[in-house]
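Can you keep this structure in mind? I'll have questions shortly.
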Amino acid sequence: MTLPPLLEARGLVRDFGPHRAVADVDLTLDVGELMALFGPNGAGKSTLLRLLSGSLRPTEGELHFRGVPFMPGDPRVARQVGVLSHRSFLYRHLTARENLRFYGRLYGVVGLEERVARRLETVGLQARMDHRVATFSRGMVQRLALARTLLHDPALVVLDEPFTGLDLDAALRLSRVLTEVRSDQRAVILVTHDLQRGRELATRVGVMSRGRLEVQAPAHSLDGPGLEALYRRVVEVPS
Amino acid sequence: MSLRMIRWTALTLATAGLVLAVLFHWQVFFRVPTEASMGLVQRIFYIHAPAAWVAFLAFGIVALCSAVYLWLGEARLDRAALAAAEGGFVFTTIVLLTGPLWGKIAWGTWWTWEPRLTLTLLLWFIYLSYFLVRGATENPGRSQRFAAVVGIVGALNIPLIHISVLWFRSLHPQPVVVRADGPSLHPDMLNTLLTAMGSFTLLFLALFLLRYSVERMGDRADALVREQLHPTPGPTPRA
Amino acid sequence: MTAWIWAVWAILHKDLTREFRTWERLVAMASFAILTAILFNYALDRTEVDPARIASGLIWMTVLFSGLLGLGRTFHLEEEEDALVGLLLTPIPREALYFGKVAANAVLLGVIGGLLLGVFGLFFGLEVRGNPWALAGVMALGIVGFTAVGTLFSAISAGTTMGESLLPLLVFPLLVPLILFGGRATALVLSGGPAEALGGPVRMLGAFAVLALVTGGLLFRYVVEE
Amino acid sequence: MTAWIWAVWAILHKDLTREFRTWERLVAMASFAILTAILFNYALDRTEVDPARIASGLIWMTVLFSGLLGLGRTFHLEEEEDALVGLLLTPIPREALYFGKVAANAVLLGVIGGLLLGVFGLFFGLEVRGNPWALAGVMALGIVGFTAVGTLFSAISAGTTMGESLLPLLVFPLLVPLILFGGRATALVLSGGPAEALGGPVRMLGAFAVLALVTGGLLFRYVVEE
Amino acid sequence: MTLPPLLEARGLVRDFGPHRAVADVDLTLDVGELMALFGPNGAGKSTLLRLLSGSLRPTEGELHFRGVPFMPGDPRVARQVGVLSHRSFLYRHLTARENLRFYGRLYGVVGLEERVARRLETVGLQARMDHRVATFSRGMVQRLALARTLLHDPALVVLDEPFTGLDLDAALRLSRVLTEVRSDQRAVILVTHDLQRGRELATRVGVMSRGRLEVQAPAHSLDGPGLEALYRRVVEVPS
């Protein structure tokens, strides 16, 4: 018997008034996969991720998580998804630790304290954990946001430009963590503008343009120049 | 029901409503007995009360459609609610105009602070905010849900308005029709009132349908724009 | 169910932690309340009317205004870094979020309310100590109703481009009964009126609170869901 | 100098574009004023006092409330994406920024104020048409003073972690005289009192306005300075 | 005779309470230069830029612009500096064009309209110029922020992680623009975490760590691996 895919999207559409941000996207994501999404500004990547992570209601189309259809706000799914968006979702007046504790409680994380400590250590913020987020540098905020995203060991990790503001060291840590997640019967989908880094991390790459997910290809089937060529072809060719 | 049909029914209803309107005006001026205590002005009653009831009906529809809209997320219901709300707003305004006219003569003042009057005015305000909320968000779906909530909560005022005259010592006359022990009216008065009632109801329904069809056309327009911006996909490049 | 309560508590705890770190809303509401009391003192021409006689009404007006000031920001705090989106991505039921917020706001307003009674008692020489329990009870009932409505609509106004400025328009029409009965009840208590006379308005306040909480709990999800 | 005026105008224009793009905010503030009037009506037990007698005081309270509602947000708009920082990086003098903001706020409040007079006139049956010019004058003076102070402090509170809620705490003590004299002047005009009696309070209002503008202009730079 | 350097900083220090974010930095920047600053998260890069651009008052040290000392808020300097920070400085409820117009007025830009149009075109936003910024995607916001920064042709351009959120095309455009600026007797100082891209653009590179500007070197003296080695050495070695 074969298990249903972790996440499956059929005919996803999202309109903002007259503007169609995501147009008819089909996508399946299986455990052990790490998908990297590329595309020009305004292609609809963030909107697609918001749809997949259930923080935005699709205008049309349906979503299945482990074979069961779901709508935004379904707790069974929410518990297993971790999301990093353009904004950090953090409270500027609470300390790093208080932020994680708070979210940990809402996710019903068990053994919260030492889990929080561990995550803070993964992103290298132990030293600052009792400082208010308002005093953090951009990269520190991004690190904390990542810790928040991974806090409850989500089965599906959704990351929108996760490398933003991270220094070399932090970026390296993140790559390592993501590879672990992938190889641990969980799945990752991320958006980035850095083709090479995306390709190296991913098992599969996809390119969006004008709201459409134009191509998908296994990462190993492409080398650096190959991916760039593909990207350019998709973006230039008006579909 | 197709838009064309909707518009035709609307027009027929409108004409019927107008005919009845003529009829009841004739009754008001040539048929009904003059009420003893208040004299001629009392004849405003035949506009005043029906207008109020139609307004209630309208807001009832708003609440109903809104509730179902929240439940099913069916865009049409939202449009219907909006259409009804505008009708209700108009008729409430009529009540708020005829009332003072009557009051000036019956009570010697345009306005007094008195539960039913105030609550009616507030009802008017609630639906004003109903329209405000619609325009005031970044994304349409959201404002529609907000409006729905306002519409539902606002309707909770209606029973209060009806009961207010019974609960509080108030200038405003007690119910003469909608009361436990049946109508307490001269039969001529009663059927004039009913004619007026019918006329207003038809006119309201006509207005309602027209606005509804307009809203729907707006949606069509959006759809067309979208179709232009995103023509149905051609062959997509493969990796 | 326990998870549910746990979530409500988490929200409440978070809001209060933040509050007692920045004192943001408490300071604002408190000062607003006190100074309003003072201003009322000035605004009302003593020769025309003895403020003490109309204090109960003013108390409720002040609770209302300072309440709006605080409530208006509950969801702004969440909007700052889109934290609200983050909250909605967690598996907690939306109702838990709502009641958590209501609880937090009720606590804040409770503090203010108590303060107000004291202040007005002082300025207007009211007999607050008469039977404080009745007074507290009335206050509490009213505040619960108020926050239940206010929280729901502050979620709406925070979601609009108009922000707080929309809030009063949304809630005032709904709060008339509150002002009316709250004011009447308080007046009765202050004037040491008969207990049975108190029954009516208090029952009304109770009904209002319950109705508000129920509708709020039912509708909230639709307000916040994206 | 021309550059200076040009800058003031740019700020004013920007704020008003935002306001009038959708009349939302104005409508909201206006209805807020009206609703407050209604609530006052209810809060004040009519058997105890005839609101008409104390209307002038209430008018000013309401101007204040609705003003705070709007003022609180003036710099909030700038904070959203740190736009205030961006403004301070431009070569315009800080004073220009200040006066631009004051102007924008004054315009808004002016509209509200006028509306309020109408509303109260209607509800409380005041003799507004008596001599509208005197009324308008008093209103204008008061509003200028109010916005001058309010704008300065809304900048302060926007800078503090406490956000705009801190505003009332900072502004109110200064506004007591405003309410006092404004209320008195309005009362005099409404009751058609002797012109010379009016002189006193009006002069005070004027003094307040001037003083507020000057201090505001002087202090603003230090408030927004990083 | 030699002109004084465009920007000169001596012994810059900035403390946040007990925390020293920037510790004793000396820096001179000449026209025709493009300096790239690197450093781990929390090194003090953003704070340094804020000091140099006059948006933050140094705790100690002094700044000279074309030889004349200046303090934050000095209009003569402000007119010639363009700053891009972590935040966009834009008004979400105004359209792209309104935003640029507004800032253009404040900078006293002449021939505003067609200048605005040109800038919008440089960043490729003509199509969306009349949409509210609130509806923009992250990359679009970043593009607009860049347009704002360059609107008044500043002599000194200060950019904090300018490539954030930009797609390949936009990044390319930006690189081109910056090279133009540099070769046009003006200067650029930027922060980025992308060592290679920074090196290729820059005439000079600097590495910060723990608030100190530890090393500065001409870009051409380093190849990719060389720079990375340097960076690691500076960051690892506790100074």
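Here are some notes:
Here the chain labels run A, B, C, D and E in written order, and each chain numbers its own residues starting at 1.
Methods note: contacts are C-beta pairs under 8 Å (C-beta built on N, C-alpha and C of every residue); 3 or more make two chains touch, one makes a residue touch a chain.
Given the structure is predicted, the values throughout are model-derived calculations rather than measurements.
Path length between chain C and chain E in the touching-chain graph (shortest route): 2.
The count of contacting C-beta pairs peaks for the chain pair C-D.
Comparing the centres of all chains, each the average of its CA atoms, the largest separation from chain C belongs to E.
Separating the CA-averaged centres of chain B and chain C is a span of 32 Å.
Annotation: 37 Å between the Cα-based centres of chain B and chain D. Separation between the centroids of chain C and chain D, computed from CA atoms only, is 25 Å.
Centroids of chain A and chain E (each the mean of its C-alpha atoms) stand 29 Å apart.
Each of residues 22, 160-162, 166, 169, 172-173, 176, 225-226 in chain C touches at least two other chains. Multi-chain contact residues of chain E, defined as those touching 2 or more other chains: 93, 134-135. Across the assembly, chain B contributes 118, 122, 125, 128-129, 132, 136, 138 as residues in contact with two or more other chains. Chain D makes touch with chain C in their complex at residues 22, 24-25, 27-29, 31-32, 35-36, 38-40, 42-45, 48-49, 53-54, 57-58, 60-61, 64-65, 69-70, 72-73, 76, 161-163, 165-169, 172-173, 175-176, 179-180, 183, 187. If you check the complex, the residues on chain B that touch chain A are 73, 139-141, 222, 225-226, 229-230, 233-234, 236-239. The touching residues of chain B, counted against chain C in their complex, run 70, 118-119, 122-123, 125-126, 128-129, 132-133, 136-138, 142-143, 145-146, 148-150, 152-154, 156-157, 160. Within the complex, the chain C residues that touch chain A are 3, 6-7, 10, 13-14, 17-18, 21-22, 77, 80-83, 85-94, 221, 225-226. Touching chain B in their complex are the following residues of chain A: 15-20, 23-24, 57, 210-212, 214-217, 221-222, 230, 233-234, 237, 239.
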